[in-house]
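This is the structure, below, for whatever I ask next.
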Amino acid sequence: MKKTTFILMAIVSALFLLSWILKAGSLSGETDNYILQGFLVTFSAFLTLSVLSFLYADNPLYKFAEHLFVGVSAAFWMCMGFWTTIVQNLIPRLSDGLSKFFEQQPQPGDYNFFFFIPVILGIMLLMRLSPKGGWISRWPLAFIIGTTAGLNFVRYLRSDFIKQISNTFVPLLGTEWQGIGHFFSNLDLSASGQLVAIAANWVIFLGVFCGLIYFYFSKEHKGAFGAASKVGIWVLMLTFGASFGYTVMGRISLLVGRITFLFRDWLEIIS
Amino acid sequence: MTPTRLHIFRVISISTICVLLLASLALSQDEATPTTNLSTEIDTVIIEVAAPTSLIATDHKYDNGERINLQWVPSIDDLPGISTVVGYRIYRQDDGGAAEAIADLPAKANHYRDENTELGHTYIYSVAALTDGAEFVSNPTESISPEREWIDFSKRYLFLIALIVGGAVIYFIEIARRGKKLFVRKIAGLEAVDDAVGRATEMGRPILFIPGIQDMDDVQTLAGLTILGRISKTIADYDTEIFMPVSRSLVMTAGREIIKSSYQTAGRPDKYSDDMVTYITDEQFGYVAAVDGIMVREKPATIFLLGAFFAESLILAETGNYIGAIQIAGTARPAQLPFFIAACDFTLIGEELFAASAYLSGEPKQLGSLKGQDVGKAIAMVILVIGALATTIGTAWNIASMNSLVDILKTIFSTS
Amino acid sequence: MKRQIPLFITFFVGTLLIFSVFIPPMETWGENFTLFFDIIAVFAFFLGAGNLVRVHVGKLKKRKADWGFSIVTLIGFGFMLFVGLLKIGNPGGIAADVTAPGSWFQEMFNYVINPLQSTMYALLAFFVASASYRAFRAKNREATILLIAAFVILLGRTPLGMLLTAWIPDSLSFFQIPNMAVWIMNSFNLAGQRAILIGISLGVVAMSLRLILGVERTYLGGDDNG
Amino acid sequence: MDNIGVIISLILIFGGLVALFYGSLKGREVDRRIIFLFIFLAVAAPILFPMTFEEKATQVVKSVFDKVENLPEGSTVLLSFDFDPAMAPEVQPMANAISRHCLEKGHKIIFMSLWATGQALLSQSLSESILPGFPEKQNLVDYVSIGYKAGNEGVPNVIITDIQKMFPTDVNSVPLDSIPIFDNIESCKDLDFIVSFGGGKPGPKEWILFVGDPGGVPIGVGVAAVVAPQMYPYLPDQVIGILGGVKGAAEYESELIRVHPKFADMDTPGLLMMGPQTLAHVVIMAFIVIGNVVFFRGRRREKKE
C-alpha cells in the first residue's frame, strides 16, 4: 500500500470515529441505543460522501460503497421476494405444515397441485449456477419469455397503438366554428382562446402524422414524403428538447435529497 | 307498421306494464308482512323504511359463468343527509337453499356483482335496506343461473386488429424467407458509422463500443450487436483498435464471436484477441465507473453507444463528449434519447436502431418484421387522417353523418 | 430436443395468455400462469444473488484485481440475508411485515441501501449540468430547435419564468413562459412521444409474435451445450 | 440571518457566473469540475437558507387533485408505491401528499408496491409522514398495506380480475377476507381511483396497460420527471392527470394547503425543494448561454483563419 493511501485512510477513519462520537453524544437524550444510531447516521453519511467522491475521480472509497451496495441490495430483493411472494403466495397453496410454520392462515381451497410447476421451473432456473445443468435453465427462460410476449402482445396493441390512434381524432377547427375573426380575437389559455387550443391540435395531428412518416422505412424519403419526414424530425427534436428541459428538474431533486440528508440528519445545521 | 297497428301495440304494452306493476305491488305486500312483524317484536323504536325495489339480476356478459349482476332502485327513504338507511345487505339462495347474506353495501348503493357463482347452480337474490337494528327486504329476483360465454365478443375489434397487424408481420417474414428483396430506406446514421471508424484510424486512436447494459434477451442489445458486425468488418479492414467493455457475460461471448469472425473474413485472424471484449460487472454504476475510467485513460476517437441504456446514458455520453470523441448512439428507450441527442454527434432514434440492424443483417425475420410494422404505421396514418378530418367537420358544422363515422371509428379503436 | 421443448413452452404459454384475453373460460388459466410467472420471478432473484456470490467468490479465489472489494460485497450480502431471512429485531415476529419500522432489515435499508442508491443517481445532477453546457450549442438547425425547446421548459418549470413574464396581460397569457411550457408539453411533446409510442408498440407486438412463433430464438443461445 | 445568507450566496454564485461569462467572451471553455462546484453551491445554498416560492397548480396536476377531492366519502383508492430510493426524492413527496389528501377526504386507501424497495419506502412513509397527522385512522378499516409482490407486470395482470389471488394477506399476514376494506372489493375494477407513483418499469405505464385500459379504472400517475413527458400521450382518456417531478409535488401541496388549510403546518418537501431547483436551473441556463458564447467565439475565430 502506498504511503499516501495509508495516511488518507487514517484520516477518514479518524473523522469517522469523531463523527460517531459527536453524533452519539447529540442523540443520547433522544433514543436508548444512541451509540448504534450514531453509528448508522455516520455510516450513511460516509457512504453518501464516498459516492460523491466519484465526481473527482474513481477511487477506493467509491469502489467500497459500490461493492457494498451490490451485495446488500441483492440480498434485499431476495428477502423481499421470499417473504412476500414465496411465503404468502406459494407455500399456502402447497403445504399446510409449512404455512403453519410461517404463521400463515391458509384459506380453504387454497391447495393447488399445479403450483408445483413454478417450483420445478424455478429450480431449473437455478440450475444455471451449475456449469453442466445450464441447458435445462432454458425451460424456465422459455416460460418467462412466453409469458412476457403473451402479456405484452395484446396490452401494447391496445393501449399504445389502437388507443393512441383514436386519441388523435382531434378537432382542427374548434368545437363551434364562428369564423376567422372570433378565432383570432383571444390569445389566452382559457376555453375562449380558441387559437391556442386549436393550434395545439394541429401540432398534435401533424406531429403524430409526420413522426410516423419519419419512422416509415419502406419508402425513400424524397419529395413530399421527405418534406413530411423533415417536419417529423423537427417535432421529435422539439420533443427531446422539452424532455431534456423537463428532466433536469428530476436529476437536481436527487441531489437536493442527498444534501438535505447531509445537512439535516448528519451535520444538524438545519432543522 | 301502420299508425293504427302502432296504436294497438302501444295500448297493449302500456296495459301489460300496468298489470305487471299491480302484480308486483300485490306480491310486495305479501313479502313485506314478515319484516313488519319482525320490527314490532323488538323493543327499541324502529324507524320503518321502504325496501329497495325493482331488483333485477342479470348474467354478467362474457365471463366463465362466475358472475351475476344485480341492480335495484334504492329505498325511497335513502335520502342524502337525513337518511335512516345505513346500508344494504344482499341475500342469496343457492339451488333453493336457505337465504344467506353474501355482502353488505353502504347507503345509496344500487348495484352489486356477485363474483362467486357456479355454473349449473340457480340463484335467487334479494336486497334488504338496513337501518339501526332492522332490515327491510325487497322482492326476490327470478331464479337465475350464470352463463358461460365461450368468446368475448366485446373484444372483437381488438382481435381483428391483432389479426391484421400480426398477419402482416408473419406474411412479410414469409415473403422475405422465400428470398424476395424487401426495400428498406437508407438510414442516415449508418453512413456516419464508416466515417467515424475512418476518423479513428486517421487519428491512430481506439474505438469504444458499448452495447448497453442489458442481456442477450433484449432486442436492443441484439440490434447493437448486429451493427457491431458491420463496424468490426471496417475495423478489421483498417486495422484500428477496438475496446468493448460489457456488463453481461453472454454479451461478452457474443461480442467476441462477432469480432473474431470479422477479422477472419478480413483475412487477419492473427490480429484478433479476446482482450478486445471484456466483462466488467453486471452492476449498473460499477459498470459506468469502469467505462468512465477507460474513456478518460484511453481517449478513444470514436464511441458507439448502441443498445438498451438507462440512467447511465447521460454519464457515459457526457464523459465521451468531454474527452472530445465522435459519438454515435442508438437506443429505443425514449427516456434516454434526449441525452443522447444532446451529447452525441449522431443518434439512431428508437426504431431506427432496429431498422439499421435489419438493413445490415438482411435477415428475413428482421426485414419482414420491419415491413409488417410499416403496414401497422400505414394503417395508423390513414385512420388518423380520416378520424381527425371527420371529427373536425363533425364538430365545426355539426354534421350527423360525420359524427357517426367518428363514433364508429372510436368504437373500433377503443380499449374495451 | 434441447431446443424443441423450450420453443414449445414459449409457444404454449404465449398463445394461452393471448387467448385468455378473448376466451372467458380461459381467464383462470391466464391468471394462474401469470402467478407462476410471478413466483419464478423470485427464483430469478435467487439466481441473481447466486451468480453474484459465485462471481465474487471466484474473484476472491483467483485473487483477481480488486479482490478485496469482493469481500465487502460478500459480507454485505451475507449480513443482509441474515437479518432479512430471520427477521432480526422485527417487533411483530415471524408473520409480521418484513419491512416493519425498527427491524434490522428496514434499518439496513434506511441507512445503507437508501443513501447509496440515491447518491449514485444524484451524481446525475452534476452530469446533466455539464452535458447542458457542452451539448446545447446551436450547431445546426436541429440542435437549435432542441436548444430553444429545452430553454423554454427550463424557464417555465421554475418560478423564475413566472417572475420574468408576469407583466404580460391575461389576454395574452399564452406568452407567459410557464404557459408556453405547458403548451409545448401538451402539443409538441405529446405529438412526438405519441409517434414514438406507436412505433415502439408495433415493435413490441412484432417481437412478441416472433418469439411466440419461434421465429426469434436468439435467446436460446448459439449452441446446444451452453 | 436567513436573508443575509441568501444574499451572500446569490452574490457568490452570480459573481462566479459573471466571471465565467467574461472568460467565455475570450473563448475560454469551462472545466466540468467547475460546473460541478457551481451546481453543488446552487443546490446547497437554498437548503441552508430556504427560499420558497408560490406555486399554482397546472391543469394536469389539478385534475388529479380534483378527482381525489370530488370522490364521494368512503370511496376506495389504491396507491401504488412503485419506486426505489433513487426516485424517492421526487416521488415520495407527492405520494405523501396524495395519501394525506385521501385520508382527509375519508377515502379508504389500499397501499401496495410493485418494487421491493417500494414496500420499505412505503413503510417509512406511513410511519414517519402520513399517519402521524391522522391518529384517528385505523389500520385495516381506513387504510391497509398489502405490500409488494414479485412479478412486475404479472401483478397488475392478476389483480385486475382477482386481488385476493395475488395478495392472499396484507403485509402482516392478515387474510384479506377478514379486512373490512375488501368487503366489496374483488378486483381492481371495483376501485374508484388508482394512483401509481414511480418512474421505472414496472410502474405507471404498466398500470395503464394492464389495469386502466382493460378495466376502465381511472388512473392518475405521479412520476419522476424523466418519464413524465412519456405520459402525455395517455392524456386525458387513459390517465386523468400527471404529477411530474418535484414541481408536480409542489403544485399538489400548494393546492392541498389552499383547499384544506389544516395542512398549512405540514411538511412540504416538494415546495421546499423548489428553491434549490430554481437556483440550479438558473445556473444550468447560464452555462448553456456561456457554452454558446464560447461556441460562437470559436467559430468566428475559425472563419477568420
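By letter and in written order, the chains are A, B, C and D; residue numbering begins at 1 in each of them.
Definition applied: a contact is a pair of C-beta atoms (placed from the backbone, for glycine too) under 8 Å apart; a residue touches a chain by one contact, two chains touch by 3 or more.
It should be emphasised that the depicted structure is a prediction, and the values quoted were computed from it without experimental measurement.
Number of steps on the shortest path from chain A to chain D, with steps defined by chain touch: 1.
Distance between Cα centroids is largest for the pairing of chain B with D. A count of C-beta contacts for the chain pairs C-D and A-C puts A-C on top.
In whole angstrom, the spacing between the mean C-alpha positions of chain B and chain C is 17.
For the pair chain A and chain C, the distance between C-alpha centroids works out to 4 Å. Centres computed as Cα averages put chain B at a distance of 23 Å from chain D. Multi-chain contact residues of chain A, defined as those touching 2 or more other chains: 54-55, 63, 66-67, 69-70, 76-77, 80-81, 84-85, 89, 103-104, 141, 145, 147-148, 151-154, 156-161, 163-165, 167-168, 205, 208, 212, 215, 236-237, 239-244, 246-249, 251-252, 254-255, 257-258. Each of the following residues of chain B touches two or more other chains: 158, 162, 165-166, 217, 285, 311, 314, 318, 322, 334-335, 339, 341-342, 349-351, 376-377, 380, 415. Contact of a single residue of chain C with at least two other chains is seen at positions 18, 21, 27, 34-35, 37-39, 41-42, 45, 51-52, 95, 98-99, 109-110, 113-115, 117-118, 120-121, 123-128, 130, 132, 134, 136, 146-147, 150-151, 154, 157, 182, 185-186, 189-190, 193-194, 196-200, 202, 205, 207, 209, 219, 221, 226. Taken chain by chain, the contacts link every pair, so each chain touches all the others. Across the complex, chain C is touched by residues 40-41, 43-45, 47-48, 51-52, 54-55, 63-86, 89-90, 102-104, 114-115, 117-119, 121-123, 125-126, 128-129, 134-135, 138-154, 156-157, 159-161, 164-165, 167-168, 186-190, 193, 196, 199-200, 203-208, 210-212, 214-215, 232-249, 251-252, 254-255, 257-258, 261 of chain A.
The touching residues of chain B, counted against chain A in their complex, run 158, 161-162, 165-166, 183-187, 217, 281, 283, 285-286, 289-290, 292-293, 314, 334-335, 337-339, 341-342, 349-352, 355, 370-371, 374, 376-378, 380-381, 383-385, 387-392, 395-397, 406, 409-410, 413-415. Contact residues of chain A toward chain D in the complex are 55-56, 76-77, 80-81, 84-85, 88-89, 92, 103-105, 107, 110, 147-148, 151-152, 155-156, 158-160, 163-164, 167, 239, 242-243, 246-260, 263, 269-270. Chain D meets chain A in the complex at residues 33, 36, 39-40, 43-44, 47-48, 86, 88-90, 116-117, 119-120, 147-151, 153-154, 157, 166-169, 173, 175, 177, 199, 208-210, 212-214, 224-226, 228-229, 233-234, 237-238, 244-247, 273, 276-277, 280-281, 284.
Every residue of chain C that touches chain D in the complex is listed here, in rising order: 27, 30-31, 34-35, 37-39, 41-42, 45, 92, 95-101, 106, 109-110, 113-115, 117-118, 120-121, 125-126, 128-130, 132-134, 136-139, 147, 150-151, 154-155, 157-160, 178, 182, 185-186, 189-190, 193-194, 197.
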